[in-house]
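Next, two complexes with subunit A in common: one pairs it with subunit B, the other with subunit C.
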Partner chain A sequence: MPLSRALARHQTPAILIVLLAIIACLSLVGQSDALQVTLTEMFIRVVVVVGLYVFIGNSGIISFGQIGFMCIGAYAAAWATGEPTFKQIMLQGLPVFLQEAQYPFLVAMAGAMVLPAAVALILGFAIMRLAGTAASIATFAFLIIVNSVYSNWDSVTAGVSSIIGIPTVVGPWTAYVFAAVAIVVAYLFQVSRIGLMLRASRDDEVAARASAVHVLRVRLAAFVLSAALCGLGGGLYAQFLGILTVDPFYLSLSFITLAMLVVGGMFSLTGAVVGVVVVTAVVEILRALERGVGLGDTAFSLPSGSQEIGLGVVMALILIFRPSGLARGKEFRLFRAAPAAPAASAAEPALQLSESPTSAR
Partner chain B sequence: MIQFIQNLIDAVALGSIYALVALGVGLLFGILRLINFAHGDYITIGAYALIVPSADVTARLLIGDWPWPVLIPTICLIVVIAALLTDAAVFRPLRRATSPTLMIASFAVSYIIQNGVLMAYGSRPKSVDLWSGANSQVFIGDLRVPMLQLITLAVTLVLMVAVTLFLRRTSYGIQMRAAAEDFRMAQYLGVRGNVVIGIAFALSGILAGVVSLLYTTQSGSLSHVMGVPLALFAFVAVVVGGMGSLVGAVVGGFVIGITVTMLQAYLPPDLRAFRDAFAFAFVILVLLVRPAGIIPSRSTFERV
Partner chain C sequence: MIQPYVEPQARTIDRSRTNAATLEVEGLSVLFQGLAAISDVSLTVNRHEVFGLIGPNGAGKTTLVNCLTGFQRPTSGRILLGGDDTSGWPAARFRERGVARTFQAGRLFKDMSVSENVEVTGTGLGLGLRSAREHARALLDWVGLSDKAQLPAGALAYTDQRRLGIARSLVLSPAFILLDEPAAGMSDAECEDLNELVAAIPQLFTCGVLLIEHNMRVVMGISHRIHVLDGGKTIAEGTPEEIQRHEAVLAAYLGMDA
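So, the complex of A and B:
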């Protein structure tokens, strides 16, 4: 039964997508705006965190710069879909084809992926040569560069003032569909030959090199794909809010998305998705507590700011007591894949590897 | 020419602040392989310790009004305690963790401290008047030099000599260097790991405390994220200098400070707003040419 075997082998992304679908159905239950906003934001963050995972999880190198790609993607989407009248007045530095036209949503999303990917390709050539920790700091330098350029290049980004009039076409279900796409893409990457070579280099760089893995090249591939996904998340974010400034794309968002990845467990796709869901839930609960809840006849509320501190504490506790995150580097699996393979994700590509040892170089 | 020398003095003064921060970061990196994001927040803590804790907009000096021979040790002590507390609470349970885990943990510590300060003192930047006399100018020939820059330079020099002497001449300093070279081997030979790490945190706290005073005197304002840019510049300085080498960290600090100041002075006016972008792009270029930094450390590369 090849179909059921294929299903069993690739059950992880299917389970994750179904899980998110169940959560998305919450948006049908309560029609409150706050819930819709929370869910949409959560699915957009799934896209971004899965994007982070593609690079960080598979390569083992922490990058603080992916939020910079999110910023680039968000602005790309804004440039493509913003009101032409606004763009002609405020964004006179834009090329004419962007200034005078308004492109459809999917074209904007494509732009939001291509532009960050192109930047990542160039930047990656420089950064991927550095050793782990140095590379992490260099991605920080990149985040600062993006922040500095986008908040000062007035003729293209409206500087510190905001771009307004971006069509708000993204709701919970649209965001959900893109989250599902991101999960599938990340899964296909991680079971691909490049993905496996990259994971090998993460587990033992020296051994991977000795086994003819071109570490720089596979890292670069993951970096570019990760940038494209983060850019997509940025594009969705722009089309969800309808108004765009540079400020959100900086350290605090970097922290929150990294926290999601770490809490879930940064070495599995399941961890990335679960992390987003769990941290969103924790943040929402803390927010609700900040607003205050009535316990019997006494009202009880946390001082404002405890949401952020709470998140920081949760993250530190997870690092100390469960350093590999909630998912512990494992993937969701309900069925055993036959023939018994310890990790189904590894089974097929291992076969591919053995079939084409020369192309692995 | 006078203009250039003036810029150079600015550059070296800024560079020495970055160098002090980078030295604090580099000390911990050498021993623990920890890039400590919270280092910038130690600086913030030092600065906020000067004023009366309240969320009011105007800041009233508390410790900041004390005479300087008392003030400086007090602030350093407070920062050292804060640094040791973060070590005990977060980093000590993570002694066996990998370098990326430690980095993320310090990111979490930094986030907690920043929001804690935000909660206690409010989000608006506060202006403080600490030693404003130090901002007066002295003339050396045609040169106009702010007093504070001379003080900064002198303090940096003294601290660097002191740290060097400590590392070379004292028993604990030698133990620290041994631990930085090979932590496990040093432990086998009788170096007590937690003591050495504690001293490293304390030293980095002292450095952060001094920087917080210099920086607050210069900027005259406080904000809960004031330490962040300093720490970011220092990390980049540590990487540019060559990770794991203390001399490298100091050199990197000066390189960054000088680059930033010179860009500020000599970029065309339209481009000045992009100063940081140029500075960091330059950093990435330097790393392209020398991926292991200006002064590579021998222990950077993985041994099999």
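So, the complex of A and C:
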């Protein structure tokens, strides 16, 4: 296939990656540390939210547990790359191959994907059998379990104290590259056979089963891939911060990432990416206002705390005027797609939070 | 005029799994909270025939189809596909083994394109995306929807939705297709077109058809044999001529239609 046709057909991921590249270039303009941090965090969140989208967007089932996978991935990366001297003293419960060696960055990232994926495979067997709401609650229970296990298992996680000395190799550009990879992976999944079957089960589970779709299997596949991407986000985060505790991987991060997905529009990849960018931008603007801006000779600043309130108001407004998110279930397209390209979801399906229908009429 | 249907090649598909010659129901009963929706029904659908299933509202027709496709566990009795006991099969397995169905309520994938609606079955049955797309194109040609292939299924007119439901079930020529009131709510002319389509299925797809239909003229016209349910019980089975003269059937329908 000629390059131009391939690009027209797969334009959505290409556009998203270019868009993020433009944003990444901001890191060249302003050299302030704060900007570098903001950009890096934003790209890591793209990885995580795209990971959420792979499962939630394609299956229509809300999961509150994906940040648990991010936590598992972050610790896996810390175990792989931490200082051996530190690990031998503080993390004596780790297997010897981890205690005594320090693995390269990419190996750590692989571990940060494989471990959560394995956990998701086992967990998914149980959870994917449950219908809508029950499955969502079970994922929430999983988040709680991960949090308490990792806060209390002192010999491998250092418990409430932190793991220090993780090499900080992740900056804006590294994070950007991984965000681009996550977008490509999510896109390939979405247009794959399994993605097609999964989206069918989101539209109508009963009809999907009558179309020979093994709904449990395709949901499980998405759950595992989603866990791998969220875990990768965790691994990147660990190697960005250099110091790791369990605290960040809990309720507030779960809610902010879900909010990003919902604001952007949870039924398209475009929505997932746009949600991260827009929410990050809103937060940064409010933060700047909180610090104060000079208008002529009067300094003007918002009272502290208005950042949270402002974010809440902005999100509520977006959802009032665009209930299905900014992207409305559509994908970015600049050119007419080749006829063979899978049609983007044309409208927003109802979110499957209710019990899925079991009677077939 | 009905077009001939030429199925695209699918070398990776094992046809021996879907070559059952009969779909048998033996002493089937279904209870809902103690109330019998079906009591002790036995019947056999053969490949190559149109088998009509009729009965007043609430007779248990849809419940029977649900049992035959893995959506409803029978309270007692057995369902045999080509002699194999199907108990415990999930719905997807019924379709893999060649028992396809449509739904009274349509149940299309409304947010997906018309073509994708058909492709889903192809991929479910193990085809690759490209091959599933070829099969979808051929079937949409056959039912007359090829010019609407890229529209969202939810945007189709009612009769087209019914046709799409049928196209989706015919992917890779199942052994049996169970049609639950495909012509409900259609005008007489639309009904005619659909009948022509349904009547052609056994020949073109070497496929048995179980047809649930309220329009007596339609069922009598295209069924080879007819089974009549009332209140979950079998009241008659026979050729259209026999059924038209059957007293119990007339009695069951007199209260309704006359």
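The criterion applied here is as follows: the second predicted complex is superposed on the first by the 336 of 361 C-alpha atoms of A that agree within 3 Å, B and C clash if a C-alpha of one lies under 4 Å from a C-alpha of the other, contacts with A are read in each partner's own complex, and residues count from 1 in each chain.
In this section, contacts are C-beta pairs under 8 Å (C-beta built on N, C-alpha and C of every residue); 3 or more make two chains touch, one makes a residue touch a chain.
Everything quoted here is computed from the prediction, not taken from an experiment.
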Touched partner set for A:Arg129, first subunit B, second subunit C, both or neither: first
Which of subunit B and subunit C A:Val206 touches, first, second, both or neither: both
Contacts of A:Gln36 with subunit B and subunit C, given as first, second, both or neither: neither
Which of subunit B and subunit C A:Ser162 touches, first, second, both or neither: neither
Contacts of A:Gln102 with subunit B and subunit C, given as first, second, both or neither: neither
Partner chain(s) touched by A:His214 [first = subunit B, second = subunit C, both, neither]: second
When both partners are placed on the shared chain, which of subunit B and subunit C touches more of subunit A: B
Footprint overlap on subunit A, where subunit B in one structure and subunit C in the other make contact: 206
Contact footprint of subunit A on subunit B as seen in their complex: 29, 33, 35, 89-90, 93-94, 97, 99-101, 103-105, 107-109, 111-112, 115-116, 118-119, 228, 232, 235-236, 238-239, 243, 273-277, 280-281, 283-285, 287-288, 291-293, 300-302, 304
Subunit A-touching residues of subunit C, taken from the complex the two chains share: 62, 66, 69-72, 90-92, 95-96, 100-101, 103-105, 107-113, 115-117, 119-121, 123-125, 128-129, 132-133, 150, 152, 154-155, 168-169
Touching residues (chain side subunit A, partner subunit C) in the complex: 191-193, 196-197, 199-200, 203-204, 206-215, 329, 339-340, 342-343, 345-349, 359-361
Parts of subunit A lying in touch with subunit B, wherever the complex brings them together: 60-62, 123, 126-127, 129-134, 136-138, 140-142, 144-145, 148-149, 152-153, 205-206, 251-252, 255, 258-259, 262, 303-306, 308-309, 311-313, 315-316, 319-320, 323
